[in-house]
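The first chain written gets the first letter, and so on, giving A, B, C and D; residue counts start at 1 in each chain.
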Amino acid sequence: MSAPFIHPINVTWGDCDPARIAYTARLPYFALDAINAWWEAHFDGEGWFQMEIDRNVGTPFVRMELNFQSPVTPRHTLMCETFPTKLGTKSITFAVNASQDGVLCFEGSFTCVFTIADKFKSQPAPDYMRHVIEPLIRDA
Amino acid sequence: MSAPFIHPINVTWGDCDPARIAYTARLPYFALDAINAWWEAHFDGEGWFQMEIDRNVGTPFVRMELNFQSPVTPRHTLMCETFPTKLGTKSITFAVNASQDGVLCFEGSFTCVFTIADKFKSQPAPDYMRHVIEPLIRDA
Amino acid sequence: MSAPFIHPINVTWGDCDPARIAYTARLPYFALDAINAWWEAHFDGEGWFQMEIDRNVGTPFVRMELNFQSPVTPRHTLMCETFPTKLGTKSITFAVNASQDGVLCFEGSFTCVFTIADKFKSQPAPDYMRHVIEPLIRDA
Amino acid sequence: MSAPFIHPINVTWGDCDPARIAYTARLPYFALDAINAWWEAHFDGEGWFQMEIDRNVGTPFVRMELNFQSPVTPRHTLMCETFPTKLGTKSITFAVNASQDGVLCFEGSFTCVFTIADKFKSQPAPDYMRHVIEPLIRDA
(Lines give C-alpha, C1' and ligand atoms only; values in the text may rest on other atoms or scores of the structure.)
Protein backbone atom coordinates (compact mmCIF):
# COMPACT_ATOMS: atom_id res chain seq x y z
CA MET A 1 0.00 0.00 0.00
CA SER A 2 1.39 3.39 -0.95
CA ALA A 3 1.46 6.53 1.16
CA PRO A 4 -1.28 9.04 0.35
CA PHE A 5 -0.37 11.72 -2.18
CA ILE A 6 -0.70 15.14 -0.62
CA HIS A 7 -0.16 18.34 -2.60
CA PRO A 8 0.65 21.30 -0.33
CA ILE A 9 -0.55 24.78 -1.33
CA ASN A 10 0.74 28.00 0.21
CA VAL A 11 -2.42 30.13 0.39
CA THR A 12 -1.62 33.84 0.41
CA TRP A 13 -3.03 37.34 0.65
CA GLY A 14 -3.75 37.44 -3.09
CA ASP A 15 -5.97 34.34 -2.83
CA CYS A 16 -8.20 35.98 -0.23
CA ASP A 17 -11.26 38.16 -0.63
CA PRO A 18 -12.42 40.93 1.70
CA ALA A 19 -13.84 38.28 4.09
CA ARG A 20 -10.17 37.38 4.68
CA ILE A 21 -10.61 33.84 3.41
CA ALA A 22 -9.69 32.32 0.06
CA TYR A 23 -12.20 33.40 -2.60
CA THR A 24 -14.53 30.51 -3.47
CA ALA A 25 -13.55 30.48 -7.14
CA ARG A 26 -9.90 29.95 -6.12
CA LEU A 27 -10.75 26.58 -4.55
CA PRO A 28 -11.42 24.70 -7.81
CA TYR A 29 -8.13 26.22 -9.03
CA PHE A 30 -6.35 24.75 -6.02
CA ALA A 31 -8.02 21.38 -6.61
CA LEU A 32 -6.96 21.34 -10.25
CA ASP A 33 -3.41 22.28 -9.24
CA ALA A 34 -3.49 19.24 -6.96
CA ILE A 35 -4.74 16.93 -9.72
CA ASN A 36 -2.10 18.20 -12.12
CA ALA A 37 0.52 17.66 -9.41
CA TRP A 38 -0.81 14.10 -8.96
CA TRP A 39 -0.13 13.42 -12.65
CA GLU A 40 3.34 14.95 -12.38
CA ALA A 41 4.17 12.88 -9.31
CA HIS A 42 3.09 9.58 -10.85
CA PHE A 43 4.31 10.07 -14.43
CA ASP A 44 7.88 11.31 -14.17
CA GLY A 45 7.00 14.98 -13.96
CA GLU A 46 4.53 14.92 -16.83
CA GLY A 47 1.46 16.99 -16.04
CA TRP A 48 -1.32 18.12 -18.39
CA PHE A 49 1.09 20.22 -20.45
CA GLN A 50 3.42 17.35 -21.31
CA MET A 51 0.55 14.88 -21.71
CA GLU A 52 -1.14 17.11 -24.27
CA ILE A 53 1.88 18.44 -26.14
CA ASP A 54 4.27 15.47 -25.99
CA ARG A 55 1.88 12.51 -25.82
CA ASN A 56 -1.24 13.85 -27.51
CA VAL A 57 -3.38 12.73 -24.58
CA GLY A 58 -5.98 15.14 -23.23
CA THR A 59 -8.06 14.71 -20.07
CA PRO A 60 -10.79 17.37 -20.24
CA PHE A 61 -13.14 17.64 -17.29
CA VAL A 62 -16.77 16.62 -17.68
CA ARG A 63 -17.85 17.14 -14.10
CA MET A 64 -16.77 18.67 -10.82
CA GLU A 65 -18.46 18.68 -7.47
CA LEU A 66 -17.20 20.41 -4.33
CA ASN A 67 -18.49 20.67 -0.80
CA PHE A 68 -17.06 23.44 1.33
CA GLN A 69 -16.85 22.70 5.04
CA SER A 70 -14.49 25.25 6.49
CA PRO A 71 -12.87 28.46 5.20
CA VAL A 72 -9.39 28.34 3.67
CA THR A 73 -6.97 30.96 5.03
CA PRO A 74 -3.27 31.87 4.77
CA ARG A 75 -2.75 30.72 8.38
CA HIS A 76 -1.82 27.13 7.43
CA THR A 77 -0.68 25.19 4.40
CA LEU A 78 -3.58 23.69 2.45
CA MET A 79 -2.94 19.95 2.30
CA CYS A 80 -4.70 18.49 -0.73
CA GLU A 81 -4.96 14.73 -0.52
CA THR A 82 -5.54 13.57 -4.08
CA PHE A 83 -6.26 10.12 -5.47
CA PRO A 84 -8.23 8.36 -8.19
CA THR A 85 -11.53 6.87 -7.04
CA LYS A 86 -12.59 5.28 -10.30
CA LEU A 87 -11.08 4.38 -13.65
CA GLY A 88 -13.62 3.68 -16.37
CA THR A 89 -12.80 2.63 -19.89
CA LYS A 90 -12.60 6.21 -21.08
CA SER A 91 -12.80 8.27 -17.91
CA ILE A 92 -11.15 8.83 -14.55
CA THR A 93 -12.50 10.30 -11.33
CA PHE A 94 -10.35 11.97 -8.70
CA ALA A 95 -11.05 12.90 -5.11
CA VAL A 96 -9.40 15.99 -3.65
CA ASN A 97 -9.78 16.36 0.11
CA ALA A 98 -8.24 19.60 1.29
CA SER A 99 -7.49 20.38 4.91
CA GLN A 100 -5.65 22.95 6.98
CA ASP A 101 -4.17 22.23 10.40
CA GLY A 102 -6.06 18.92 10.49
CA VAL A 103 -9.46 20.47 9.69
CA LEU A 104 -11.23 19.45 6.47
CA CYS A 105 -11.83 22.59 4.38
CA PHE A 106 -13.42 21.11 1.26
CA GLU A 107 -13.75 17.84 -0.54
CA GLY A 108 -14.27 17.49 -4.24
CA SER A 109 -14.85 14.93 -6.93
CA PHE A 110 -13.63 15.52 -10.48
CA THR A 111 -14.27 13.42 -13.56
CA CYS A 112 -12.21 13.65 -16.73
CA VAL A 113 -12.38 11.80 -20.03
CA PHE A 114 -9.38 10.67 -22.03
CA THR A 115 -9.07 12.19 -25.47
CA ILE A 116 -6.80 12.13 -28.49
CA ALA A 117 -5.75 15.69 -27.84
CA ASP A 118 -5.29 17.03 -31.37
CA LYS A 119 -8.64 15.54 -32.46
CA PHE A 120 -10.55 16.38 -29.27
CA LYS A 121 -12.01 12.87 -29.61
CA SER A 122 -12.48 10.44 -26.72
CA GLN A 123 -10.25 7.39 -26.41
CA PRO A 124 -9.70 4.63 -23.84
CA ALA A 125 -7.21 5.37 -21.08
CA PRO A 126 -3.77 4.59 -22.54
CA ASP A 127 -2.29 1.37 -21.14
CA TYR A 128 0.83 3.02 -19.78
CA MET A 129 -1.46 5.15 -17.63
CA ARG A 130 -3.85 2.36 -16.68
CA HIS A 131 -1.02 0.30 -15.19
CA VAL A 132 -0.01 3.12 -12.89
CA ILE A 133 -3.50 4.31 -11.97
CA GLU A 134 -5.27 1.04 -11.15
CA PRO A 135 -3.33 0.12 -7.99
CA LEU A 136 -3.91 3.65 -6.62
CA ILE A 137 -7.70 3.63 -6.80
CA ARG A 138 -9.57 3.82 -3.53
CA ASP A 139 -12.94 4.91 -2.23
CA ALA A 140 -13.59 8.56 -1.63
CA MET B 1 -43.34 36.18 -15.52
CA SER B 2 -40.00 37.92 -15.81
CA ALA B 3 -37.47 37.64 -18.62
CA PRO B 4 -34.57 35.32 -17.87
CA PHE B 5 -31.49 36.98 -16.44
CA ILE B 6 -28.51 36.40 -18.69
CA HIS B 7 -25.01 37.56 -17.81
CA PRO B 8 -22.79 37.88 -20.90
CA ILE B 9 -19.07 37.12 -20.58
CA ASN B 10 -16.46 38.08 -23.16
CA VAL B 11 -14.13 35.08 -23.14
CA THR B 12 -10.63 36.00 -24.32
CA TRP B 13 -7.16 34.71 -25.11
CA GLY B 14 -6.11 35.01 -21.49
CA ASP B 15 -8.91 32.67 -20.37
CA CYS B 16 -7.73 29.90 -22.69
CA ASP B 17 -5.22 27.15 -22.14
CA PRO B 18 -2.98 25.51 -24.78
CA ALA B 19 -5.96 23.43 -25.96
CA ARG B 20 -7.37 26.79 -27.17
CA ILE B 21 -10.42 26.54 -24.94
CA ALA B 22 -11.16 28.23 -21.64
CA TYR B 23 -9.22 26.55 -18.83
CA THR B 24 -11.54 24.43 -16.69
CA ALA B 25 -10.79 26.33 -13.49
CA ARG B 26 -11.94 29.56 -15.20
CA LEU B 27 -15.47 28.19 -15.57
CA PRO B 28 -16.41 28.32 -11.87
CA TYR B 29 -15.01 31.88 -11.92
CA PHE B 30 -17.35 32.75 -14.77
CA ALA B 31 -20.28 31.15 -12.95
CA LEU B 32 -19.54 33.12 -9.79
CA ASP B 33 -19.26 36.32 -11.84
CA ALA B 34 -22.73 35.53 -13.17
CA ILE B 35 -24.17 34.96 -9.70
CA ASN B 36 -22.63 38.19 -8.41
CA ALA B 37 -24.09 39.98 -11.44
CA TRP B 38 -27.49 38.45 -10.62
CA TRP B 39 -27.33 40.03 -7.15
CA GLU B 40 -26.28 43.37 -8.63
CA ALA B 41 -29.11 43.27 -11.18
CA HIS B 42 -31.83 42.51 -8.62
CA PHE B 43 -30.61 44.65 -5.70
CA ASP B 44 -29.84 48.07 -7.13
CA GLY B 45 -26.26 47.32 -8.07
CA GLU B 46 -25.38 45.67 -4.77
CA GLY B 47 -23.22 42.60 -5.30
CA TRP B 48 -21.28 40.59 -2.72
CA PHE B 49 -19.01 43.52 -1.94
CA GLN B 50 -21.83 45.86 -0.96
CA MET B 51 -23.81 43.10 0.77
CA GLU B 52 -20.85 42.24 2.98
CA ILE B 53 -19.45 45.71 3.66
CA ASP B 54 -22.59 47.85 3.71
CA ARG B 55 -25.25 45.39 4.90
CA ASN B 56 -23.21 42.87 6.89
CA VAL B 57 -24.77 39.98 4.96
CA GLY B 58 -22.49 37.22 3.70
CA THR B 59 -23.46 34.37 1.38
CA PRO B 60 -20.56 31.90 1.49
CA PHE B 61 -20.76 28.86 -0.75
CA VAL B 62 -21.27 25.43 0.76
CA ARG B 63 -21.52 23.46 -2.45
CA MET B 64 -20.95 23.72 -6.19
CA GLU B 65 -21.57 21.20 -8.92
CA LEU B 66 -20.79 21.67 -12.59
CA ASN B 67 -21.28 19.50 -15.65
CA PHE B 68 -19.26 20.45 -18.71
CA GLN B 69 -20.90 19.66 -22.04
CA SER B 70 -19.04 21.66 -24.63
CA PRO B 71 -15.80 23.69 -24.65
CA VAL B 72 -15.91 27.44 -24.04
CA THR B 73 -13.97 29.51 -26.58
CA PRO B 74 -13.43 33.18 -27.47
CA ARG B 75 -15.47 32.71 -30.67
CA HIS B 76 -18.79 33.69 -29.08
CA THR B 77 -20.06 35.51 -26.02
CA LEU B 78 -20.71 33.16 -23.11
CA MET B 79 -24.34 33.67 -22.14
CA CYS B 80 -24.84 32.71 -18.49
CA GLU B 81 -28.51 32.25 -17.64
CA THR B 82 -28.69 32.59 -13.89
CA PHE B 83 -31.61 32.12 -11.51
CA PRO B 84 -32.43 30.84 -8.04
CA THR B 85 -33.79 27.31 -7.92
CA LYS B 86 -34.41 27.08 -4.21
CA LEU B 87 -34.66 29.37 -1.19
CA GLY B 88 -34.38 27.60 2.14
CA THR B 89 -34.66 29.27 5.52
CA LYS B 90 -30.92 29.93 5.63
CA SER B 91 -29.70 28.97 2.19
CA ILE B 92 -30.13 29.72 -1.49
CA THR B 93 -29.35 27.63 -4.56
CA PHE B 94 -28.60 29.08 -7.98
CA ALA B 95 -28.50 27.50 -11.40
CA VAL B 96 -26.06 28.85 -13.97
CA ASN B 97 -26.56 27.51 -17.49
CA ALA B 98 -23.89 28.81 -19.81
CA SER B 99 -24.09 28.62 -23.58
CA GLN B 100 -22.30 29.96 -26.65
CA ASP B 101 -24.00 30.46 -29.99
CA GLY B 102 -27.01 28.47 -28.76
CA VAL B 103 -24.95 25.47 -27.59
CA LEU B 104 -24.97 24.58 -23.90
CA CYS B 105 -21.37 24.66 -22.61
CA PHE B 106 -21.88 23.89 -18.95
CA GLU B 107 -24.55 23.90 -16.30
CA GLY B 108 -23.94 24.35 -12.63
CA SER B 109 -25.71 24.40 -9.30
CA PHE B 110 -24.40 26.53 -6.45
CA THR B 111 -25.61 26.64 -2.86
CA CYS B 112 -24.85 29.46 -0.46
CA VAL B 113 -25.82 30.08 3.14
CA PHE B 114 -26.74 33.44 4.58
CA THR B 115 -24.48 34.72 7.33
CA ILE B 116 -24.03 37.69 9.60
CA ALA B 117 -20.87 38.68 7.80
CA ASP B 118 -18.77 40.09 10.63
CA LYS B 119 -19.58 37.10 12.86
CA PHE B 120 -19.34 34.44 10.13
CA LYS B 121 -22.51 32.99 11.73
CA SER B 122 -25.49 31.68 9.77
CA GLN B 123 -28.74 33.62 9.74
CA PRO B 124 -32.09 33.37 7.93
CA ALA B 125 -32.30 35.07 4.55
CA PRO B 126 -33.08 38.74 5.29
CA ASP B 127 -36.69 39.69 4.46
CA TYR B 128 -35.73 42.40 1.98
CA MET B 129 -33.96 39.71 -0.02
CA ARG B 130 -36.62 37.05 0.40
CA HIS B 131 -39.28 39.31 -1.15
CA VAL B 132 -37.22 39.79 -4.28
CA ILE B 133 -35.94 36.24 -4.60
CA GLU B 134 -39.10 34.18 -4.08
CA PRO B 135 -40.94 35.19 -7.28
CA LEU B 136 -37.82 34.41 -9.32
CA ILE B 137 -37.38 30.81 -8.21
CA ARG B 138 -37.80 28.17 -10.87
CA ASP B 139 -36.72 24.62 -11.56
CA ALA B 140 -33.25 23.98 -12.89
CA MET C 1 -10.43 63.05 -34.53
CA SER C 2 -11.96 59.95 -33.02
CA ALA C 3 -13.57 59.58 -29.60
CA PRO C 4 -11.33 57.97 -26.97
CA PHE C 5 -11.66 54.22 -26.61
CA ILE C 6 -12.69 53.35 -23.08
CA HIS C 7 -13.04 49.77 -21.89
CA PRO C 8 -15.30 49.49 -18.82
CA ILE C 9 -14.54 46.82 -16.21
CA ASN C 10 -16.96 45.72 -13.51
CA VAL C 11 -14.68 45.20 -10.52
CA THR C 12 -16.16 42.75 -8.02
CA TRP C 13 -15.72 41.04 -4.65
CA GLY C 14 -13.58 38.31 -6.20
CA ASP C 15 -11.08 40.87 -7.50
CA CYS C 16 -10.49 42.29 -4.03
CA ASP C 17 -8.06 41.27 -1.33
CA PRO C 18 -8.54 41.58 2.44
CA ALA C 19 -7.72 45.31 2.21
CA ARG C 20 -11.06 45.57 0.33
CA ILE C 21 -9.40 46.86 -2.81
CA ALA C 22 -8.52 45.08 -6.04
CA TYR C 23 -5.43 42.92 -5.56
CA THR C 24 -2.41 44.51 -7.23
CA ALA C 25 -1.78 41.55 -9.52
CA ARG C 26 -5.33 41.91 -10.90
CA LEU C 27 -4.51 45.35 -12.30
CA PRO C 28 -2.19 44.18 -15.11
CA TYR C 29 -4.94 41.65 -15.93
CA PHE C 30 -7.45 44.48 -16.24
CA ALA C 31 -5.04 46.46 -18.40
CA LEU C 32 -4.48 43.50 -20.72
CA ASP C 33 -8.23 42.95 -20.94
CA ALA C 34 -8.49 46.58 -22.05
CA ILE C 35 -5.78 46.19 -24.69
CA ASN C 36 -7.40 43.02 -26.04
CA ALA C 37 -10.73 44.88 -26.14
CA TRP C 38 -9.01 47.69 -28.06
CA TRP C 39 -7.94 45.19 -30.74
CA GLU C 40 -11.46 43.73 -30.86
CA ALA C 41 -13.02 47.17 -31.20
CA HIS C 42 -10.76 48.27 -34.04
CA PHE C 43 -10.47 45.00 -35.97
CA ASP C 44 -14.03 43.70 -36.38
CA GLY C 45 -14.09 41.76 -33.13
CA GLU C 46 -10.71 40.14 -33.63
CA GLY C 47 -8.73 40.05 -30.39
CA TRP C 48 -5.53 38.16 -29.61
CA PHE C 49 -7.25 34.81 -30.04
CA GLN C 50 -8.38 35.46 -33.61
CA MET C 51 -5.15 37.29 -34.51
CA GLU C 52 -3.07 34.30 -33.44
CA ILE C 53 -5.27 31.44 -34.62
CA ASP C 54 -6.84 32.90 -37.76
CA ARG C 55 -4.17 35.37 -38.94
CA ASN C 56 -0.98 33.89 -37.52
CA VAL C 57 -0.04 37.24 -35.98
CA GLY C 58 1.21 37.30 -32.41
CA THR C 59 1.88 40.39 -30.29
CA PRO C 60 3.80 39.18 -27.24
CA PHE C 61 4.64 41.73 -24.57
CA VAL C 62 8.23 42.80 -24.07
CA ARG C 63 7.63 45.41 -21.41
CA MET C 64 5.02 46.75 -19.03
CA GLU C 65 5.15 49.62 -16.61
CA LEU C 66 2.39 50.66 -14.24
CA ASN C 67 2.04 53.45 -11.72
CA PHE C 68 -0.67 53.06 -9.13
CA GLN C 69 -2.23 56.29 -7.89
CA SER C 70 -5.44 55.31 -6.18
CA PRO C 71 -7.01 52.01 -5.07
CA VAL C 72 -9.45 50.23 -7.36
CA THR C 73 -12.69 49.14 -5.67
CA PRO C 74 -16.06 47.61 -6.63
CA ARG C 75 -17.78 50.95 -5.89
CA HIS C 76 -17.46 52.25 -9.45
CA THR C 77 -16.85 50.93 -12.92
CA LEU C 78 -13.17 50.98 -13.86
CA MET C 79 -12.90 53.05 -17.03
CA CYS C 80 -9.80 52.02 -18.98
CA GLU C 81 -8.88 54.56 -21.61
CA THR C 82 -6.68 52.69 -24.05
CA PHE C 83 -4.76 53.93 -27.08
CA PRO C 84 -1.52 53.36 -28.98
CA THR C 85 1.23 55.83 -28.18
CA LYS C 86 3.85 54.55 -30.62
CA LEU C 87 4.06 52.27 -33.61
CA GLY C 88 7.57 51.15 -34.49
CA THR C 89 8.49 48.97 -37.42
CA LYS C 90 8.05 45.81 -35.39
CA SER C 91 6.53 46.99 -32.13
CA ILE C 92 3.57 48.85 -30.68
CA THR C 93 3.16 50.65 -27.38
CA PHE C 94 -0.19 51.17 -25.65
CA ALA C 95 -1.22 53.46 -22.83
CA VAL C 96 -3.91 52.32 -20.44
CA ASN C 97 -5.19 55.01 -18.09
CA ALA C 98 -7.70 53.59 -15.66
CA SER C 99 -10.02 55.69 -13.53
CA GLN C 100 -13.03 55.29 -11.28
CA ASP C 101 -15.57 58.04 -10.70
CA GLY C 102 -13.25 60.51 -12.39
CA VAL C 103 -10.22 59.66 -10.23
CA LEU C 104 -7.13 58.21 -11.91
CA CYS C 105 -6.38 54.82 -10.35
CA PHE C 106 -3.41 53.69 -12.40
CA GLU C 107 -1.68 54.42 -15.66
CA GLY C 108 0.34 51.94 -17.60
CA SER C 109 2.50 51.61 -20.67
CA PHE C 110 2.73 48.30 -22.51
CA THR C 111 5.01 47.39 -25.41
CA CYS C 112 4.40 44.42 -27.70
CA VAL C 113 6.29 43.11 -30.69
CA PHE C 114 4.68 41.69 -33.80
CA THR C 115 5.48 38.06 -34.54
CA ILE C 116 4.71 35.35 -37.04
CA ALA C 117 2.77 33.41 -34.43
CA ASP C 118 3.54 29.83 -35.40
CA LYS C 119 7.25 30.60 -35.72
CA PHE C 120 7.49 32.89 -32.69
CA LYS C 121 9.65 35.10 -34.92
CA SER C 122 9.38 38.88 -35.09
CA GLN C 123 7.90 40.57 -38.15
CA PRO C 124 6.96 44.11 -39.16
CA ALA C 125 3.46 45.25 -38.22
CA PRO C 126 1.15 43.92 -40.97
CA ASP C 127 -0.08 46.66 -43.29
CA TYR C 128 -3.76 46.05 -42.62
CA MET C 129 -3.03 46.81 -38.99
CA ARG C 130 -0.74 49.76 -39.63
CA HIS C 131 -3.43 51.59 -41.60
CA VAL C 132 -5.85 51.37 -38.70
CA ILE C 133 -3.37 52.04 -35.91
CA GLU C 134 -1.46 55.04 -37.26
CA PRO C 135 -4.28 57.61 -37.12
CA LEU C 136 -5.04 56.59 -33.54
CA ILE C 137 -1.58 57.23 -32.10
CA ARG C 138 -1.32 59.98 -29.54
CA ASP C 139 0.92 60.98 -26.67
CA ALA C 140 0.52 59.30 -23.32
CA MET D 1 26.91 37.79 2.80
CA SER D 2 23.74 35.77 2.60
CA ALA D 3 22.73 33.32 -0.14
CA PRO D 4 20.31 34.75 -2.70
CA PHE D 5 16.62 34.17 -1.97
CA ILE D 6 15.03 32.22 -4.79
CA HIS D 7 11.32 31.44 -4.88
CA PRO D 8 10.55 28.44 -7.11
CA ILE D 9 7.25 28.39 -9.05
CA ASN D 10 5.81 25.31 -10.69
CA VAL D 11 4.33 26.72 -13.91
CA THR D 12 1.52 24.54 -15.24
CA TRP D 13 -0.98 24.01 -18.05
CA GLY D 14 -3.47 26.36 -16.41
CA ASP D 15 -0.95 29.22 -16.46
CA CYS D 16 -0.48 28.93 -20.22
CA ASP D 17 -2.37 30.53 -23.08
CA PRO D 18 -2.94 29.09 -26.56
CA ALA D 19 0.62 30.09 -27.53
CA ARG D 20 1.68 27.40 -25.01
CA ILE D 21 3.52 29.87 -22.82
CA ALA D 22 2.49 31.47 -19.56
CA TYR D 23 -0.05 34.24 -20.19
CA THR D 24 1.59 37.66 -19.77
CA ALA D 25 -0.78 38.74 -17.00
CA ARG D 26 0.27 35.70 -14.96
CA LEU D 27 3.84 37.00 -14.75
CA PRO D 28 3.15 39.90 -12.39
CA TYR D 29 1.20 37.36 -10.28
CA PHE D 30 4.26 35.15 -10.13
CA ALA D 31 6.44 38.12 -9.21
CA LEU D 32 4.09 39.14 -6.41
CA ASP D 33 4.03 35.56 -5.14
CA ALA D 34 7.81 35.74 -4.99
CA ILE D 35 7.79 39.03 -3.08
CA ASN D 36 5.24 37.69 -0.61
CA ALA D 37 7.40 34.59 -0.19
CA TRP D 38 10.40 36.86 0.46
CA TRP D 39 8.52 38.47 3.36
CA GLU D 40 7.51 35.06 4.69
CA ALA D 41 11.08 33.78 4.48
CA HIS D 42 12.59 36.75 6.31
CA PHE D 43 9.88 37.38 8.91
CA ASP D 44 9.08 34.02 10.48
CA GLY D 45 6.44 33.04 7.96
CA GLU D 46 4.63 36.37 8.03
CA GLY D 47 3.56 37.45 4.57
CA TRP D 48 1.20 40.24 3.53
CA PHE D 49 -1.73 38.56 5.24
CA GLN D 50 -0.13 38.42 8.67
CA MET D 51 1.52 41.85 8.26
CA GLU D 52 -1.84 43.47 7.52
CA ILE D 53 -4.10 41.54 9.90
CA ASP D 54 -1.76 40.90 12.84
CA ARG D 55 0.62 43.87 12.68
CA ASN D 56 -1.48 46.52 10.95
CA VAL D 57 1.29 47.16 8.42
CA GLY D 58 0.35 47.44 4.76
CA THR D 59 2.76 47.65 1.81
CA PRO D 60 0.63 48.66 -1.20
CA PHE D 61 2.35 48.89 -4.56
CA VAL D 62 2.90 52.26 -6.17
CA ARG D 63 4.83 51.09 -9.20
CA MET D 64 5.81 47.99 -11.14
CA GLU D 65 7.98 47.60 -14.19
CA LEU D 66 8.71 44.36 -16.00
CA ASN D 67 10.83 43.47 -19.00
CA PHE D 68 10.10 40.17 -20.66
CA GLN D 69 13.08 38.47 -22.29
CA SER D 70 12.08 34.89 -22.85
CA PRO D 71 8.78 32.95 -22.65
CA VAL D 72 7.86 31.13 -19.44
CA THR D 73 6.74 27.51 -19.95
CA PRO D 74 5.87 24.44 -17.84
CA ARG D 75 9.10 22.74 -18.98
CA HIS D 76 11.19 24.02 -16.08
CA THR D 77 10.68 25.48 -12.63
CA LEU D 78 10.56 29.27 -12.66
CA MET D 79 13.29 30.43 -10.29
CA CYS D 80 12.45 33.90 -8.97
CA GLU D 81 15.45 35.57 -7.39
CA THR D 82 14.02 38.25 -5.16
CA PHE D 83 15.73 40.94 -3.12
CA PRO D 84 15.31 44.54 -1.98
CA THR D 85 17.19 47.09 -4.04
CA LYS D 86 16.27 50.19 -2.07
CA LEU D 87 14.78 51.09 1.28
CA GLY D 88 13.54 54.66 1.54
CA THR D 89 12.05 56.23 4.62
CA LYS D 90 8.57 55.16 3.66
CA SER D 91 9.07 52.88 0.68
CA ILE D 92 10.81 49.71 -0.45
CA THR D 93 11.81 48.52 -3.90
CA PHE D 94 12.24 44.88 -4.84
CA ALA D 95 13.89 43.24 -7.82
CA VAL D 96 12.48 39.97 -9.11
CA ASN D 97 14.65 38.23 -11.70
CA ALA D 98 12.95 35.11 -12.99
CA SER D 99 14.71 32.41 -14.96
CA GLN D 100 14.10 28.89 -16.24
CA ASP D 101 16.87 26.40 -16.87
CA GLY D 102 19.43 29.18 -16.53
CA VAL D 103 17.74 31.49 -19.04
CA LEU D 104 16.44 34.86 -17.83
CA CYS D 105 12.69 35.04 -18.58
CA PHE D 106 11.81 38.41 -17.10
CA GLU D 107 13.11 40.94 -14.66
CA GLY D 108 10.98 43.33 -12.70
CA SER D 109 11.17 46.18 -10.26
CA PHE D 110 8.40 46.76 -7.73
CA THR D 111 7.99 49.66 -5.33
CA CYS D 112 5.74 49.57 -2.28
CA VAL D 113 5.00 52.12 0.41
CA PHE D 114 4.55 51.32 4.06
CA THR D 115 1.15 52.14 5.51
CA ILE D 116 -0.78 51.94 8.73
CA ALA D 117 -3.07 49.31 7.28
CA ASP D 118 -6.39 50.16 8.93
CA LYS D 119 -5.95 53.86 8.13
CA PHE D 120 -4.50 53.39 4.63
CA LYS D 121 -2.03 56.14 5.63
CA SER D 122 1.68 56.08 4.85
CA GLN D 123 4.19 55.51 7.64
CA PRO D 124 7.95 55.00 7.91
CA ALA D 125 9.18 51.43 7.57
CA PRO D 126 8.80 49.87 11.04
CA ASP D 127 12.14 49.40 12.80
CA TYR D 128 11.76 45.65 13.21
CA MET D 129 11.55 45.44 9.42
CA ARG D 130 14.31 47.94 8.72
CA HIS D 131 16.83 45.93 10.72
CA VAL D 132 16.18 42.83 8.67
CA ILE D 133 15.89 44.52 5.27
CA GLU D 134 18.91 46.83 5.29
CA PRO D 135 21.65 44.17 5.18
CA LEU D 136 19.88 42.47 2.28
CA ILE D 137 19.78 45.44 -0.06
CA ARG D 138 21.79 45.16 -3.24
CA ASP D 139 21.83 46.58 -6.73
CA ALA D 140 19.43 45.25 -9.33
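In this section, contacts are C-beta pairs under 8 Å (C-beta built on N, C-alpha and C of every residue); 3 or more make two chains touch, one makes a residue touch a chain.
Keep in mind that what you see is a predicted model, and the values were worked out from it rather than measured.
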(request) Work out the mean Cα position per chain and let me know which chain is farthest from chain A. (result) C
(request) If you tally contacting C-beta pairs, which comes out ahead, A-D or B-D? Let me know. (result) A-D
(message) With centres defined as the mean C-alpha position, give me the chain B-chain D separation in Å.
(response) 34
(request) Find the geometric centre of each of chain C and chain D from their Cα atoms only, then give the gap between the two centres in Å, rounded to an integer. (result) 24
(message) Between chain A and chain D, what distance separates the C-alpha centroids? Give it in angstrom.
(response) 28
(message) Using the touch definition from the top, which residues of chain B touch two or more other chains?
(response) 13-14, 16, 18-20, 24-25, 29, 32, 49, 52-53
(message) Considering only the defined contacts, which chain C positions touch chain D in the complex?
(response) 18-19, 24-25, 28-29, 32, 49, 52-53, 58, 60-68, 71, 117, 120
(request) Quick one: which bits of chain D touch chain B in the complex? Just the residue numbers, please. (result) 13-14, 16-20, 23-25
(request) Using the touch definition up top, name the residues of chain A that touch chain D in the complex. (result) 10, 12-14, 16, 20, 29, 32-33, 36-37, 47-50, 52-53, 73-75
